[in-house]
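Here come two complexes built around chain A, the first alongside chain B, the second alongside chain C.
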Partner chain A sequence: MGIKLRLENLTKVFGELVAVKNLNLDILDGEFICFLGPSGCGKTTTLNMLSGLEEPTEGRIILDAKVINHLPARLRDIGLIFQDYAIFENMNVYENLAFSLRAKKVHKDEIDRVVKEEAGRFQLTGMLYKDTRTLTPGDLQRVAIGRTVILAPSVFLLDEPLDNLDADMRITMRGELKRLQKDLGKTMVYVTHDQEEAMSLADRIVIMNLGELQQFNTPVNIYNRPTNKFVAGFIGKLPMNFIDCHLKEEAGKLILFDTNQTFQLDISKHRKRIESSIPGKELCLGIRPEHVSMASVSEKDSCEVTIRNIEVLGAENVVEFNLKGESGVVRRMTVPPEVIPNVDDRILIRFQQEKIHLLDHVKGIVLI
Partner chain B sequence: MATIRMENVTKQFGPDKQYCNVYDFNFEVKDGELFCLVGPTNSGKTTTLRLIAGLEKPDQGHVYIGDWEVNHVHPSQRQIAMLFETLALYPNKDGYGNLASPLRVRKVPKVEIDRSVQEVATLLGIKHLLNRTPETYSGGEKQRVALGRILVQRPRAYLLDEPLGALDARLRISMRSELKRLQRELGQTMIFVTHDQEEAMSLGNRIAVLKEGRIQQIGTPLELYHHPVNYYVAKSIGKPAMNFYDCTLRQRNEKTFVMHDHFSLDIDDRLKGIKKQPKERKMILGIRPEHIDISDVKQTEEDIAAEVFISEPLGAKAIVDFKLSEETIRALTPSDQQFEIKGKKWLRFQKRKIHLFEKESGEAIF
Partner chain C sequence: MRGTRYEATDYVRMVVFIIITIIVIFPAYWMVMTAFKPMDEWLKYPPVWLTLRPTLDNLKSILGMAKGTIINPAQSAAGPAILKGLFVSVTATFISIAAGCMAAYSISRYQIGGNFLPLFILSARMFPPIAVILPLLVMYTWVGAIDSYWGLIVAYAGFTIPFSVWMMKSFIDDVPKEIEEAAVMEGMGNFEVFYKVTVPIIKTGILVTALFVFILNWSEFLVAVTICYQNVETAPIFLASLFSAVAGTLYGHQAAMGLIIIIPTVVFGYLIQKHLARGFTFGALKR
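Right, the complex of A and B next:
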């Protein structure tokens, strides 16, 4: 698999605002890449530079081993799919799909063959001659995607295309889009603010914040091994729990404990990794809600917590709790659906040792 | 003390009115309960709130607040506060002005106003917003100030119309738990309207599912999740949604089976002791994604052969879609399992978790 798209020192500055700062990454042929981040992180600006709608302030964009910085948008071998479909309302589905082929003066028999084939792929066969104004949002998005697929571009760029759809339709279209990309084998670059969408679609995710690349890796790696506090807190449907803590030496062991000393964890086996990173005094334990479990008295790393709230979600329940002496902060754990504790109950919990993250508070980097 | 009761309430609007009709609504919200109304855009949720608030008058039936029949009582006299979807903060007033406004309208003494505003501001953690105007607030801050403005009124009950609608996913989750904790601390009756079933499930002590102006079912989140009374409730609650398959009932060797083109399941045990035996033969079988077991080998006669269509890792879990000829079976699995596209697997629906609905009426058999 070769490199399809390379971003080299890509930077975009608007007046005093650095929207994208020195972005460097390689996207491989046939990869589904998601650019993920909160509003203002630079993902859409990056996409706009790739499509040609914005010019980079510095840096190069290299597509199929050619620098394309100075190519106008219409001459780049790129297919764009937007949130608002950009369907021609005065044409029916057939004509929308056929549009770009007609512009290229392809023979009408060939157009007919291609359109009907693509319509089949997108389940549009039954509505080829329908007025686009009567279509549902999901169907409109399929027409928009179909129209772009017919162009057979080298790379697809998608800007939050599923944002206008309702929850059920989003999940359905997500699965279709993912399967489409695998069938076509084409490279897709997809921008979203929805971490669940990025997790489900991407081969690799580019997480950005304030114009800078935070982490670029597979969904599973980003989820299990976030490299900084921003990524750790951003990925995951429920936020990761962050608990301030400190280190001490006791009887030859390296012990991690929280400010109120409600728990003590022996993390001696990570000694090498921590010492070599010169940690600041301010450390933070990160643990995902699904890695916090109920414990029994006999487990030495257990600690007592007070239940503050329970959310019954059906397939599982979310329990909010506080450690002793804590207030004004929300900690969460997920429990199986049959477990329903009462508010103000005190229970014992433990953190699954292999799933603990240790973060340097000041530098924001993950040590474990 | 404020229970809120609707008794046979019907309201019908003309053809080009903005709000939707409600038909024969009967429910009682208990004192101190957090009651959710959930349904899509045209289901009558906002109409219901407006009827309780007094912004609409019922065509038939009665609205009660406590023991007090309020059909003819003006909204301002009902001691109810309503929070609208748009929040409607006063853009030209600062945080203090927004919070104080309902009390100023009532000509409450200045000292009393100040005490109430400071108390609510502390409760919601918005003291730093008191001397700033709304255009400087973030989404979550606007929410809290709007909430503060109804809290100062100390109403008998709160009505909230999609209050978290404009917030992004992560903020919704944190505001949801704040709201729930607040409601519990205050012990006040609250009716909350949302189109988001997950929100209703996580917040409500009890939930009413609405469809096109009619109540489908009222119950606790668990009741709705495990015992939906009809197909509509079953498909509205739970994410990812329940899987549904058209089937027929057949008798074989004196046992009852549900038959599908690609599978058949013995449901004789499930039918035992059910009061409402099925009258029809056309059925819809329902099974939730987390109640499907997946294995590499066929373990029982009823196992279903299916092909992996796509898998979506979501972090804590994964959604895997299987294809059964033209139909899809969606399963929820632990995240550490790997699934290859086009891989063949054997699926088993957990027998005790199957739901059966009559296709014609949509009513649940079990």
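Right, the complex of A and C next:
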């Protein structure tokens, strides 16, 4: 697979605001890429620069080894699907689908053939002559996607396309989109703030925050190996627990302990990484709620916590707890559905050793 | 369903409503009634509320169909004035809408002129027309636009463009920019997007604005009476000229003329009624 789309030092400035800062990415041919980040992180701005609706302040956009910075949107061979569908409401479904072909002055019979074929693919055959004002949001988005597919661009851009749909429809459409991408084999760049969507759809995820690239990797790698505190805290259904810790040497072992000394962890095996990268003795321990488990007896690395709240979710329960002497912070762990401890109970927990992350306290970089 | 029970406040409300309706309807009623009254009832006291001797004489007279009446109300019949007035009003409306629509689009989409231009355009309507008319008369004399069709058309278009711009700007503001962006992505140039995508979407708004502008132009009196003499005549000018040395102001004829003046507006309004009913609530975007 060759490189389809390359962003080089892409920067966009609106007045004082740097919306996108020095973005460098290589997107491969046929890849499904998700841009993920909180609102205002620059993901939509990036998409608009790719589509040609915004001009970059600096940097280059290279599509198929050709710089397209100054190419107008319609000549870019890029299709865009919007959150609000951007359906032409004064036209029926058929006319919407035929729109781009008519703009290109394609012959009537050919338009008819293509429209009917694509209508079949998107289950729109029965409503071709329906007023678009009467369609459900799901069908509207199908029309919008169908319209772009008919345009046959080499790259698809999707700007939070499922955001206006209800939960059920979202999951259905997610599947349809993934299948469509497989069918067409086209590169898709998908912007979302919904990490579940990104994780389930993307081959690789671009995580952005405050206009800067945080991490660009596969969903599994981003989950298991986040590069910094932002990504670690952002990815995952529940946010990662961060606990301030200190280091000490004891009998040749490297021991990590929290401020109130409620637990001690032997992290000697990570000695090399830690010693070479941080001078001080302060670290941040990162552990996902799903990697905290209840301990039955007082093991060496277990610690006692107080339960503050329990959320029963059916498939699992989320337990909010505090370490000894802590207040004002919420720590979370997940437990099997049959385990329902009481609030204010004291229980023993342990962190799964192989799943812990250690972060540089100052720079927020994940060391392990 | 149980019978509706009215409360005291409902009755008060109804009475107020009826009074307001009467106040609004009465002038129109009086005009229609006068149009069909014979001459001796026009100014009779006590007034004749409902004429028992309706006549078509007034209408016939201004349409030039009366034969041998004592009063020869006007040098000419209403026909030419109506046609000329229609020509001027319709042309000026077209110009006003075309220019207004494009101006509104560039203001709404490209922020042309920033905050200044839209207000500047509106400021053309911030003082009474009479204040503009004398300078206009002087300028028109210089350029030879007095008593000419194009002079009156330009004046009318100029006076109504602020309305066109502001009304249509609000319609265009309501069209989501994504729809236009989608059209751009699908291969359209900027101007094509404007007239193939945006204009069809705001069609309703354009028609409503056109009706409004047409009414302004069609019933305009002050500008027309100032810059026109013999060549160009509009319906309101003709109406004002219905005066006889023998009988004074010809109220019956004027009322009949008023009746005729209403017709184009009613017809146009009726034709776009469907759009008026759909009103200003269209929005191309479902949220």
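Heads up, the rule we're going with is that the second predicted complex is superposed on the first by the 364 of 368 C-alpha atoms of A that agree within 3 Å, B and C clash if a C-alpha of one lies under 4 Å from a C-alpha of the other, contacts with A are read in each partner's own complex, and residues count from 1 in each chain.
In the analysis below, contacts are C-beta pairs under 8 Å (C-beta built on N, C-alpha and C of every residue); 3 or more make two chains touch, one makes a residue touch a chain.
For clarity, every value in this text was computed on a predicted model and none was experimentally measured.
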{"item": "Partner chain(s) touched by A:361 [first = chain B, second = chain C, both, neither]", "value": "neither"}
{"item": "Touched partner set for A:270, first chain B, second chain C, both or neither", "value": "neither"}
{"item": "A:324 touches, of chain B and chain C: first, second, both or neither?", "value": "neither"}
{"item": "Contact breadth on chain A, by residue count: chain C or chain B", "value": "B"}
{"item": "Partner chain(s) touched by A:86 [first = chain B, second = chain C, both, neither]", "value": "second"}
{"item": "Touching partner for A:130 - first (chain B), second (chain C), both, neither", "value": "neither"}
{"item": "Contact residues of chain A, present in both the chain B and the chain C interface", "value": "none"}
{"item": "Complex contact set, residues of chain A against chain C", "value": "51-53, 72-74, 78-80, 82-90, 99-100, 103-104, 133, 137, 140, 144, 147-148, 151, 164"}
{"item": "Footprint of chain B on chain A - complex, ascending", "value": "38-39, 167-168, 171, 174-175, 178-179, 182, 193-196, 199-201, 219-220, 223, 235-239, 288-290, 308-309, 311-315, 318, 320, 330, 334, 337, 343"}
{"item": "Chain A-facing residues of chain B, complex", "value": "168-170, 173-174, 176-177, 180-181, 184, 196, 198, 201-203, 220-222, 225, 237-241, 288-290, 309-310, 312-316, 319, 321, 332, 335, 341"}
{"item": "Chain C to chain A touching residues, read off their complex", "value": "176, 178-179, 181-189, 192, 197, 200-201, 203, 284-287"}
